[in-house]
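For clarity, chains are labelled A, B, C, D, E and F in written order, and residue numbers in each chain start from 1.
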Amino acid sequence: MKIDISYGSGGKQTSNLINDIFLKNFDNEVLNRLEDAAVLDIKGRIAYTTDSFVVTPMFFKGGNIGKLAICGTVNDLSMMGAEPRYLTAGFIIEAGADSEVIEQIAHTMKIAAEEAGVKIVAGDTKVIEGNGNVYINTSGVGEILKEGISIQNCREQDVILLSGNLGEHHAAIMSERMGIENNIASDCAPLFSIVSDLLENKINIRCMRDVTRGGLATVLNEVSESSKCRVEIEEPSLPVSDEVKGFCNILGLDPLYMANEGKMIAVVPPEQAEKALEIMRNNHYGANAAIIGRITKGTGVSMTTVLGGNRMVDILYGEGLPRIC
Amino acid sequence: MITLQQITRELKEYDGREIKIMEVCGTHTSSIFKNGIRSLISPKIKLISGPGCPVCVTPSVYVDKLVDISLKENHCVLTFGDMMKVKGNEHSLTEAAAIGGKVKVVYSPLDAVKIATEDANTQYVFAAVGFETTTPIYGILIDEIIKKQISNLKILTSLKTITPALTYICENEKNIDAFIAPGHVSVIIGCDAYKELAEKYHKPFVVAGFEGEHILAAVYEIFLQLKENKACMKNMYISAVSDKGNMQALSVINQYFEPKDDFWRGIGVIEKSSLRLKPEYFQYDAGSDFDEYKESPPKGCKCKEVILGRISPAECPLFAKQCTPLSAVGPCMVSAEGACGIWYKNRGRE
Amino acid sequence: MCVAVPGKIVEINGSTAKVDVMNNTCDVNIKLVQAKIGDYVLIHAGCAIDVLSKDSAEEILWMFKELEEEVHDNSSADH
Amino acid sequence: MKIDISYGSGGKQTSNLINDIFLKNFDNEVLNRLEDAAVLDIKGRIAYTTDSFVVTPMFFKGGNIGKLAICGTVNDLSMMGAEPRYLTAGFIIEAGADSEVIEQIAHTMKIAAEEAGVKIVAGDTKVIEGNGNVYINTSGVGEILKEGISIQNCREQDVILLSGNLGEHHAAIMSERMGIENNIASDCAPLFSIVSDLLENKINIRCMRDVTRGGLATVLNEVSESSKCRVEIEEPSLPVSDEVKGFCNILGLDPLYMANEGKMIAVVPPEQAEKALEIMRNNHYGANAAIIGRITKGTGVSMTTVLGGNRMVDILYGEGLPRIC
Amino acid sequence: MITLQQITRELKEYDGREIKIMEVCGTHTSSIFKNGIRSLISPKIKLISGPGCPVCVTPSVYVDKLVDISLKENHCVLTFGDMMKVKGNEHSLTEAAAIGGKVKVVYSPLDAVKIATEDANTQYVFAAVGFETTTPIYGILIDEIIKKQISNLKILTSLKTITPALTYICENEKNIDAFIAPGHVSVIIGCDAYKELAEKYHKPFVVAGFEGEHILAAVYEIFLQLKENKACMKNMYISAVSDKGNMQALSVINQYFEPKDDFWRGIGVIEKSSLRLKPEYFQYDAGSDFDEYKESPPKGCKCKEVILGRISPAECPLFAKQCTPLSAVGPCMVSAEGACGIWYKNRGRE
Amino acid sequence: MCVAVPGKIVEINGSTAKVDVMNNTCDVNIKLVQAKIGDYVLIHAGCAIDVLSKDSAEEILWMFKELEEEVHDNSSADH
């Protein structure tokens, strides 16, 4: 069934859409009450974030826009040392979208939310004119398990860990768009279990950040800028699969600027680096984790290349290729 | 066998007279940056980015025309991603898209066939830029258009050839000691093309691949030749480049295109330096003949000096001040293969 | 802009070939080359522009050997 | 300056947009840290909600989409008896939008947030292809001041209050669209001060709801359904300005189904109805408040008409006219 | 002077034989519902909604044609909001828009002139539905199209006239006791139009305005006439309706349109019951001549019986079961002025 | 569908008039009527289709008077 503009009127059709798809999938006692706002059972300090998701195509190897919308927000909460608890979901649906497609997205969200241990407690649906695209905003709140984790916190000598291979989400999306066949799947995943493993093992995490839009280069430049330090990384230590390398060669892409949706960096004190690496590697989502560099005095991000040369790694300018997350 | 370590040690320790090597090809420029080649060699060996970034040398009137086409009712411009950000006299294609222009990024010129066939109501124009590497592919495209009788697809050409540009530089810029010849252009035109130049102007011409090792080896080869005062063409990309080039590709070029004088942004008009569709194929051309190139170079921009190796980007007074990738004064700052842009992204390296 | 990447032809259908680049398969026009299944070709903008005669590792070894010889020639000339 | 697709790349242009417009206007120490998630200072039970805003035109008499985005979410929190505290803002911008327009929207949001006493502590910006429209999602959290206010709570004999004139937002938007000149301004306003006045005066509020998309008819049907009761209203008591009546006559609209953005219903015990009415009327945003009906046994919403007749008031089917909030 | 209270008391207390009064006009139907008129009168006085909702009686092939046009490249349908939800044999215009059709809701046919002038590349078609009230406005529209030489705007007509439909009902449906004649149609055609009918079929015809008071007064007038066994035309909307109607408007109708047989959904073909553009204006017509009306009424739908007053909507076995506003079986359930839809929205009233 | 609303003409420009409906002003085509500033017209789909001779309140009074008379006539006929 095609969604037309009347599904956004706020009347009977809107409420049918909400009942048949969203309540059915997101089913929980808070959401089901359909109040103006959800009432939450939460303790301690709270982390709070939002992201919108506008990916094309909406379905790809390894996930869909719904999985992204859950993992993206769950991961932003996790990066602040918080346990993700509750999400909201706002759908902006272009007329012409298939209700079956929306149902599939909602079902994926249900499963992803279950894995991540979060409940979707409030939602909203709007229909706009267009070509059947679906845009999703999620916001999330979590309980902070450890205070003081912050992008402003990195200190000289700290070590930077990356939880796994670069570029897989970006490559999966671009493969669909460009009609290139491969087995690259989006790495889209909830990262809280890695965070919780690190915290349980008393790793004194300075800062964490998930590596999304803008890629590792952007995240490291943010670290450098916020912590007022230089970030030095080693190109040979960057984990990238051969398949992604081949893919990048075809399109002239650089894994440093490619989006992931299930990767994070963690900055830790040097004496805990090896232990943190082991913990990451023992986690299902951190199997290919690596130590990729360290914090020094100065500004900017520099990289020792495979040939032993040295260059700067700046942030992304303009837009290399159409958006992928 | 010599090792990479030996080569880099020797290149790093060099402290003789300043050597200026021009890499002509933008892809070399990009690889030099990505591999950190400059950090591996002596500051006395200067690597200079020549006019081989098609985006940098494409005249702004060409971009203007693309922008106009994209804004016309029922028209759509097809382009490689690289062209999106280059400014014409008013807008870039990215900006044109923001004000309602229709622009589509494609991976291959041949994708255009499918796109145009599926939407007969739109007039498509492919932004056919590039050097000899890409020109034969446009030839194949014209071939397909004719065979499949596609009436809603044309090309707007800005196709450069490399030898006239090299001749121009050899004639006018005495300060370049040697050239790294482009790898993939040479696949098509063959390395014999540089023999005459090497001899006539007494400069080493080394054809190189694109790995860091290729480039270091080429620099070292040049270093050795200069040391011995030699000036040979040397092909160091033998896996791909032959003496005569790809004859099949060259014959496609000759079938559809013919040489014309052309304007190079930052340089000016160079004789017979471009390829245009032959008159019998004009119906597939979207108006590539520009009467005049209203190219007053942007005020204060030293692009010409940069492209010709007279100064480094950092010596331009606007560099990293008024001119940054987001507010580029000249095209060399905006292209991914442009010298100024690459210099900018590498700023802060000690 | 003249970025090109080597790949191995795994299938040919008329003037189009499926080419493998480190487990990525894409369709490539092969009108500009004489290529058969198993050949390594250089792909630029969706077209094979060359059949490669060596692989990259081999070529790099060859370069270093060549340079060794030249250095040797030069130094012997020095004496 | 026109926003093009590269402003959504996550690179330098995105961060310039965020710095120059959003951080400048929303400026607060939590947001400015630019962490993956904000860390909140909040106590007690929490109310949590979200809404997306897709109104055309984006600017209208009485406000713009930015003011809606703040008031809408602030009001949903208020309706649960919560004091609104923190918001997130997710912008989905269509290429072609003017940065000056976005700046103006952000500036309005700043002012509205100040009035409502909330801070925007997290945000997100995406750029999609399109024609320069801007879509905004906000989510919000608030501290619950009084527990148990719920749409499921209404009891027989309870009295229904409406805080003011119907249809003004809807009419303002439609006037712009249809080129009809009048002085009708959107009623878009934050309603927390009314709620707080009622609570401070110990009104035992059963349920509150802001009257938005779908209009009063939809809200009352929701009350009927959730509280399993009949809602009976009196047409003559419904406050509608003459100007809005005239406007409705021209286009054949019914104020019962028209959206407001600064009106609420409150259901209170009969013995407190008059007091509650007085409190509402003393509030700047409740000057035209009225008692419009009561809760009885049964189902559905019925209305005594001006002529003394009786009819049912069903929810909206399909979409009368293009969307307005 | 009699009071509203007196009238309603008398109408409420009536307990004689069942009286069936047909309000012909959909706007009356809607006003009766909104004012809760039925709750104010005796259940023995039945108000029956006649065929005066243009949306209800427009054949589905007409909607099909609009849908087709909306989906054609560079075409756009202009329509009143009311038509958006009505199903053709496959889609409604709302659904057509969801699958890529171009449809624009306008307030006045005259808005079309501006829209078409501003976008010369789109062929606009106005969905010209309505009764005599609206037809002269389409006449003015054609006038403007001719004067301003607008080449990209046509109309697709489904224009009904009310007297042939009334004659048809009087001939075929003996169970209707009296008629509330439409107010705004009568503004154009004048109330003399009903005099003959009242006499010939011996039924009261009362012309009424649209306020609740107008309708109650009209019902009471009919009540009085029937009590006396009178059958007069009575004009109770004297502020607007004259004997002869709006001569200026009638002459515009006569200039551009001529009567034709036409199909009424739910009823069938009624002689000379529509207005079509005269042949000399066919160039402004988007194809309003339908060869055949593939109208098998939806299975189980009793629309005909409802429109002709034989049953009330609630007596249809599909009512509120398979047939609801969101899954309407017949058009009477989907239109804002349709009897079944109004009945549905009023369900649950004790 | 034949919804119409009364409004007062406040300005005339050629065949278009500005009409006021309870402080809402809209443009209305007046080609179908002979109307002057101050007249009340009936507006349907952007066109004035009639010049009104009474206002609504007046008309309703008149109706009730008429009905009174009829009732009176009838009841007297009864006797």
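Note that a residue touches a chain if its C-beta (ideal position, glycine included) is under 8 Å from a C-beta of that chain, and two chains touch if they have at least 3 such contacts.
To keep track of the chains, here are their UniProt names: A, D = Hydrogenase expression/formation protein HypE; B, E = Hydrogenase formation protein HypD; C, F = HypC/HybG/HupF family hydrogenase formation chaperone.
On a predicted model such as this, the values are computed, not experimentally measured, just so you know.
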- prompt: If you walk from chain to touching chain, how few steps can bring you from chain A to chain E?
  reply: 1
- prompt: Both chain B and chain F are touched by which chains?
  reply: D, E
Any chain in contact with chain E as well as chain F: D
Query: Across the interfaces D-F and A-B, which one involves more C-beta pairs in contact?
result: A-B
Separation of chain C from chain D, taking each centre as the mean of its C-alpha atoms, in whole Å: 64
Task: Mind checking the centre-to-centre distance between chain D and chain E? Centres are C-alpha means, answer in whole Å.
output: 37
Message: Roughly how far is chain C from chain E, centre to centre by C-alpha average, rounded to an integer in Å?
response: 76
Field: Whole-Å separation of chain centres (CA-atom averages), chain B against chain C
entry: 21
Query: Out of chain C, which residues touch more than one other chain, so two or more?
result: 3
Field: Residue numbers of chain D (touch at least two other chains)
entry: 5-6, 12-13, 178, 317-320, 322
Query: Got the chain B residues that touch at least 2 other chains?
result: 4, 85, 94, 107, 213, 325-326
- request: Give every touching pair of chains, nothing left out.
  value: A-B, A-C, A-D, A-E, B-C, B-D, B-E, D-E, D-F, E-F
Task: Would you mind writing out the residues of chain D in touch with chain F in their complex?
output: 175, 178-184, 242-243, 245-247, 249-250, 252
Query: In their complex, what parts of chain E are in touch with chain D?
result: 4, 8, 33-40, 81, 84-85, 94, 105, 107, 212-213, 216, 325-326, 341, 344-349
- line: In the complex, the residues of chain E that touch chain A are 85, 94-95, 97-100, 325-326
- request: Please name which positions on chain D make contact with chain E in the complex.
  value: 178, 251, 254, 299-300, 302-312, 314, 317-322
- line: Given the complex, residues on chain B that touch chain E span 73-74, 121
